[in-house]
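Should a chain be cited, it is by its letter among A, B, C, D, E and F, assigned in written order, with residues numbered from 1 in that chain.
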Amino acid sequence: MNPTESPAVVHLVPGNTLITKTPEEGRQLAVKMARLIIKTTQPDATVRERLRSVYTEDASMLIAITQTVALEFATIAAANNYWK
Amino acid sequence: MNPTESPAVVHLVPGNTLITKTPEEGRQLAVKMARLIIKTTQPDATVRERLRSVYTEDASMLIAITQTVALEFATIAAANNYWK
Amino acid sequence: MNPTESPAVVHLVPGNTLITKTPEEGRQLAVKMARLIIKTTQPDATVRERLRSVYTEDASMLIAITQTVALEFATIAAANNYWK
Amino acid sequence: MNPTESPAVVHLVPGNTLITKTPEEGRQLAVKMARLIIKTTQPDATVRERLRSVYTEDASMLIAITQTVALEFATIAAANNYWK
Amino acid sequence: MNPTESPAVVHLVPGNTLITKTPEEGRQLAVKMARLIIKTTQPDATVRERLRSVYTEDASMLIAITQTVALEFATIAAANNYWK
Amino acid sequence: MNPTESPAVVHLVPGNTLITKTPEEGRQLAVKMARLIIKTTQPDATVRERLRSVYTEDASMLIAITQTVALEFATIAAANNYWK
């Protein structure tokens, strides 16, 4: 079974909307959306926890995470017209 | 024979449209479109399955996947005017 | 001789246009345009074939390819106003 | 406990706005927002300090950081209509 | 002496314009602009030639180059309103 | 002391504007802005000089630098409405 083919279980966009009240919430959404991709790709929580202890101690991976969040946030910020 | 030269077999854009009803479906489309590029580049399902067991256990690759999805989703979200 | 300096031989944009009839064709164009950059940078078909056997078996490189295609497709999709 | 689930403690967007008076301040905000993602992912200041001594001596990681800042700044600059 | 501080010698944008007649020429410009950054960062032609023999035989680096060109081309394509 | 917390000393955006007269100057600004992020992250000039001798001899890092410049330039070009 391919876990990613049961989208009814794992939701990829919390609340099913990109609209948030504030930049702070938009930023949180960016982080969550990135994590949900990790979760849908690696559905085993034990493995994810193990990998977490790897990337949180690895400067290079932490920097890569900031790139992901920046990319997700760009879309969310545009969706919200930059909260102007 | 170069498998990528038979686009009639592998479809790169499911439904041949970027328009989706919701952000959740747009996100699913982003994941699928990225996978179809993998599939068209590596058409052997056995190899893909083997590689899958590699990247799902590798924090760095999982993070790279989130970057891909973020990039694909940016385009899909713009196509849907952010579902506003 | 620097092969990249003979653009008359290698065409970088098939059809010399970013406009396609459908998203599927746009996606195919994205793949082709990325490959033509590889071809213009490494004009030796034998070397390219050897490298192909490397990256099609390497999860990390396959993921990197999906990033490239996502980037190229973003431009093509915008050029086509997302086929709306 | 997952520290990233207490957004009330760590703020991800200083001032909760993307609007800044000048490009210089926008650039500073880009740097800060990237760091706050590091902080929320690795909340242990001792570990962060150790990793800092790694990436500040590593050319590859420093370059990766410039990519992150460029991405964040793109969003902030657009939000401010490029301070025009 | 820092060679990058003599912009009068190395030009970073051929013709000092992003406007091109066709997508093909825009693509060529993207490749050239990327190379000029290499040249300005590593002004020694002998070193560049040596490095060229490295990256043209390395699948991972060739893929990274396609990402660079895709990014440069996105800007050039937008500047030309996608040659529509 | 964290050197990055003295923005009065290191300026991140030369001239505090993204507006330039020409694409060439915009490109130079992109390079400078990327360097200033390196400088603010690694304020020790001796270390930076040592790292410079590393990345100017490393094809992979040089390519990564072209990605950074492409990203910065995209923002600057948009800010200048592509100098049209």
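Keep this in mind: a contact is a pair of C-beta atoms (placed from the backbone, for glycine too) under 8 Å apart; a residue touches a chain by one contact, two chains touch by 3 or more.
Just so it is clear, the structure is predicted and the values come from calculations on it, not from any experiment.
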Exercise. What is the Cα-based rotation angle between copies subunit C and subunit D, on a 0 to 180° scale and rounded to a multiple of 5?
Worked result: 180
Exercise. Of the other chains, whose C-alpha centre is the longest way from the centre of subunit E?
Worked result: A
Exercise. If you average the Cα atoms of subunit A and of subunit B to get two centres, how far apart are those centres in Å?
Worked result: 16
For this session: Indicate the whole-number Å distance between the mean C-alpha point of subunit B and the mean C-alpha point of subunit F.
Result: 32
Problem set entry | Overlap residues in subunit E, where contacts from two or more other chains coincide | 55, 58, 60, 64-65, 67, 71, 74, 78
For this session: Based on the touch definition given at the start, go ahead and assign the chain network to line, ring, star, complete or other.
Result: ring
For this session: Take subunit A as the starting point, go toward subunit B, and spell out the full loop of chains.
Result: A, B, C, E, F, D
Seminar exercise, completed: subunit C partner, complex, touching residues on subunit B are 4, 7, 11-13, 16-19, 33-34, 37-38, 40-42, 47, 51-52, 54-55, 58, 60-61, 64-65, 67-68, 71-72, 74-75, 78-79
Seminar exercise, completed: Given the complex, residues on subunit F that touch subunit E span 22-24, 26-28, 31, 55-60, 62-67, 69-71, 73-74, 77-78, 82-84
